[in-house]
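Each of the next two complexes has subunit A plus one other chain: subunit B in the first, subunit C in the second.
Entry: the complex of A and B
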C-alpha cells in the first residue's frame, strides 16, 4: 500500500480528504441557499397524520404545546414548530405553551414570537398563554400533568393562574385534548409518554429530531398520533398547512446535501473496490 | 447490629415515597393523591434548588482554576464573567428586558447554532469513511443506509415514487420491529432497577462508597 504523496487514485478516492468533503458541503449548502431550485417534495404519512390530528381538535379545546428546544436544534425544529403553532392559532382552540426539558425554552420562545404571526384577534391570557420554564424533568411533567394549578401558580409574567381565562377548567392533563410540540431529549419523550399519555390518555403529536425519528416511530400511530421528522417534516407541514416559512426554503439544500453525500459514498466505494482490485492483481 | 444511618435513612425515604407513588397509580383515594401531589411539588422545588447548587459548583470549579492558574484558566474567567453578567441582568431587569434578549440573541443563539451545525460536516466525513463495503455486513449496512438516505431526500418522489417509498418502509416496518424489541428490553431493565431501588438494593444514587 502506498503512503503519503504516493497514494494511488483509488486510495485517494477511498480516503477522501475531510477538508475536501467540508468544502463541497459548504459550496452545496451555500449555492442552494442563494439560488433556490424550487425542487418539489412529497408529504409523508406521519406528517399528514399530525396535520389531521390538529384539524380534528374540537373547537374550544385546550392544547398543551411543549416548547422544549435548545439553541442547537433551532434550524431543524423551529420551522415545524412555527407551522404547527400557526395552524393551531388559525383554529378556535386555546394554546398553553410550557417549557419543561429545556432551560433555553423561554428565550427561544420570545425570539420566535414574531414568526408566529399571532392573529390580532387572539388575546394573550384568553386564547394562549406561556407558562415559562419548569425545571425537574419527568418529575415536573408528572407534577404539571397531575395538578397543573398546584404546580404552576403563575404564568411566565407572574399573572396568577386563576386570573387567566385560557386555563379555566384546566386542572390536569386530562383537560387537554392534545399535546403537541417539540421535546428536546429522547429521555423526556419517554417521560411524556409515561406521565401524560399512559396516565391521562392524552395523545402526543410531536416534532422529533431526525436522529430520534427511528426510535419514536415505534409509537406511531397509537401513542404518538403524528410525527414531524426534523427539518424535512417541518417543510412538509408548511406545505400541508399553507404557512410557508424557513422550512420550505431549506428543501433544496436538504435534497442537494443528501445527493452530495450519496455521491461521495459512491466515490469512496469506487476507490475501495479499485484498490482491492489492484491488490488482487498484485499491483501493491 | 450496627445501622449506617447515612445510608439507611435515605433508602427508607426512597422506598416509602416510591411506594406512595405506586399506590397512587393503583388505588383511587383522594388522600393518597393529595400526598403524592405534595411530594411531586416538593420534588420540583428541590430540583429548582439544585440549579442553584449547580451554579455554585460552576463558580467553585472555575474559580479554583482561575486561582490556581491551571492551563486555559482564561476561559474560566470568561465563563464566570458571562455567568455573573447574565445573573445580574436577569435578576435586575428580568429575562424579558431588551438588553438581556439582545445579549442572548446575539451571543447564545448564534453560538448554539454554530455548535449544532458543526455536526453536519463531521457526520458527512464520518459517513463517507464508514459506508464502505468491506465485508458482507458492511455491504448490507451500506445498502440499508443508502436506501434510507435516498428515501429521506425531500424531492426523491419526483424522480421515483418507488425509491421514495422504500426508505420509509424500511424505517416503519423492520426498523420499527427492531426498536420495539429494544424498547421492551429497556423497559424490563428499568422495572428491575426501579424495584431494586425501592427495596434498597440499588444505592448507587446515594454516591459515596
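Entry: the complex of A and C
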C-alpha cells in the first residue's frame, strides 16, 4: 500500500474527509437557494390522479383530512399538505381535520394555519373543523371510522360534536367522500387501508414520504387513488392546483443536491473499482 | 420585529448550529441541544398524553360513566413494569392491547392487502399494452422474490434462474427505497439551510456561528488541558 505523497487517485478518494461532502452539500443548497435556476419539472401520473380525485368531489360533501405528521417531516410534507388543503378550501366541500396517533399534529396544524390562507367565507364549525389529537393507533382509526360521534365527542376546542354543523349527518367513514392527507407512519397507512378504505369503500389519496413511496405505489390506483411523493409531489401539486408555495421554491435546490450526490456516488465507485483493480494487479 | 420573535429566531438558529457542530466532533454544545430536544419532546408527549386521558376517560368518568374506570386501571397496571415484584400485572393490559390490535388488523388484512393486491395484478384488467407488460413484470418479480426466500432447498437446478432474478429484483427494490430515504433526509436539511440563510435570520446565524465556535474552542482547549494534566499527574 502506498503512503503519503505516493497515494494513488483511488486511495485519495478513499481517504477523503467525509465532512467535505457535508460542506459541498451545504454550499450547493445555499447557493441554489439564493439563485433559483428555474429547472423544468413534470407532473407524475399519481399526482395528477390525486388532483383529479379532489376535483371530482361532489359539492357539499365531507372530506376526512388526516393530519398525521411529525416535526421531522415538516419540510417534506407541509408544502403538499397546504396545497391540498387550499385546493379543498377553494371548493364547496366540508373538511374535517383529524390527527390520529400523531401527538405533534395539533402543534403543526396551528403553526401551519396561516399558510392555509383559509378564505374568509369559510367558517370554522360550518365549513371545516379540527378534531385534535386522537391516540390509539389502528384502534382509533377503526373506532372513528365505525362510530365517529361516539369516539370524538368534541372538537379540539371542546365544542360538542352535535353542535358542529360541519359534521351533521356524519356518523361513519361511509359518510366521507374522500380521505386525504399525510399519514407519517407506514403502520398507520396500512391501518387506514384496512379499517377505512377496505371496510367502507372510502377513496384514499395521500402524501407519502419519499422513503415509503416505493412501498405504497403498488396500491395505486386501485386502493390509493392518488399519491404525492414527498417534497417533489408537493411541488407538483402546487403547479397543478395553482397554489404556489414553499414546495416549488425548493425543487431546484433538491435537484442540484441530488446531482451532487449522484456525482459523489460515481466518484466513490471510480475510487472503489480503481482500488480493486490496483489490488488485483498487486500494485498495493 | 417583536422581541419574542427575535428570541425565537435566535434560539432556533443557535440550536440548529449547535446540532450541526457534531460534524466537527461530539461536543458540549451538541449535547446541550440534544438534551434540550429530548426534554422538550418528552414534556410535550407527557402533556399530550395527560390531555388525552383527561378528555377520553377522566371527564366522562366524572360525568357518571364509571365504565371508563376499567381502562384507567388497566393503564395504571401498565406502569407495574417498573417494579420487579409486580411486573406480572402489566401482562393483562398488554394482552388486551395485542389481542384487540391483532384481531382488528387480521380481520381486514386478507381482503385489503392480499386479495385486492392479487386481483389488481390480473393482466386481463389492463387497459393498454404498457400496463399489461408492467403487470407481467410485477408477476415475474413477485414470484421470483418469493422463490428467493424458499430456503428449504438449495438454489440450484430449476430454482437457479428464478432465485437469481429474485435477488436482482430485491437489489433494485432496496436501491429504490434507499433513494427514497436520501430524498426524504435531504428535505429537512434543505429546510434548515433555507432557514439559516433567510433574510430574517442570517444575522442570527452569523452570531450563532461565532458563539458556537467560541464555545467549542473553549471546550476543546479545556479537554486538551485536562488530558495534559492527567498525563502529567500519571507521570
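Following the convention adopted for this analysis, the second predicted complex is superposed on the first by the 272 of 284 C-alpha atoms of A that agree within 3 Å, B and C clash if a C-alpha of one lies under 4 Å from a C-alpha of the other, contacts with A are read in each partner's own complex, and residues count from 1 in each chain.
Keep this in mind: a contact is a pair of C-beta atoms (placed from the backbone, for glycine too) under 8 Å apart; a residue touches a chain by one contact, two chains touch by 3 or more.
Quick caveat, the model's predicted, so the values are computed rather than measured.
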| item | value |
| --- | --- |
| Partner chain(s) touched by A:146 [first = subunit B, second = subunit C, both, neither] | first |
| First, second, both or neither for A:39, with subunit B first and subunit C second | first |
| First, second, both or neither for A:245, with subunit B first and subunit C second | neither |
| Touched partner set for A:75, first subunit B, second subunit C, both or neither | both |
| Subunit B versus subunit C as contact partner of A:223, first or second or both or neither | second |
| Partner chain(s) touched by A:261 [first = subunit B, second = subunit C, both, neither] | both |
| Partner chain in contact with A:16 - subunit B first, subunit C second, else both or neither | first |
| First (subunit B), second (subunit C), both or neither touched by A:232 | both |
| Subunit B versus subunit C as contact partner of A:213, first or second or both or neither | both |
| Footprint overlap on subunit A, where subunit B in one structure and subunit C in the other make contact | 22, 25, 72-76, 104, 106-107, 134-135, 137, 139, 142, 199, 210, 213-215, 218, 232, 254, 257-258, 261 |
| Parts of subunit C lying in touch with subunit A, wherever the complex brings them together | 23-24, 44-45, 48-49, 51-52, 55-56, 60, 100-101, 104-105, 107-109, 111-113, 116-117, 119-120, 138, 173, 176-177, 179-184, 186-194, 197 |
| Residues of subunit A defined as touching subunit B within the complex | 14-16, 18, 21-22, 25, 39-42, 44-45, 70-76, 104, 106-108, 110-111, 134-137, 139-140, 142-143, 146-147, 150-151, 157, 199, 210, 213-215, 217-218, 220, 232, 235-236, 251, 254-255, 257-262, 264-265, 268-269, 272-273 |
| In the complex with subunit C, residue positions of subunit A that touch it | 19, 22, 25-26, 29-30, 33-34, 72-76, 103-104, 106-107, 133-135, 137-139, 142, 153-154, 190-191, 193-195, 197-199, 209-215, 218-219, 222-223, 230-232, 250, 253-254, 257-258, 261 |
| Of all residues in subunit B, those that touch subunit A in their complex | 25, 33, 36-37, 40-41, 43-44, 47-48, 51, 95-96, 101, 104-105, 108-109, 111-113, 115-117, 120-121, 124-125, 127-129, 131-134, 142, 146, 149-150, 152-158, 164, 168, 171-172, 175-176, 179-180, 183 |
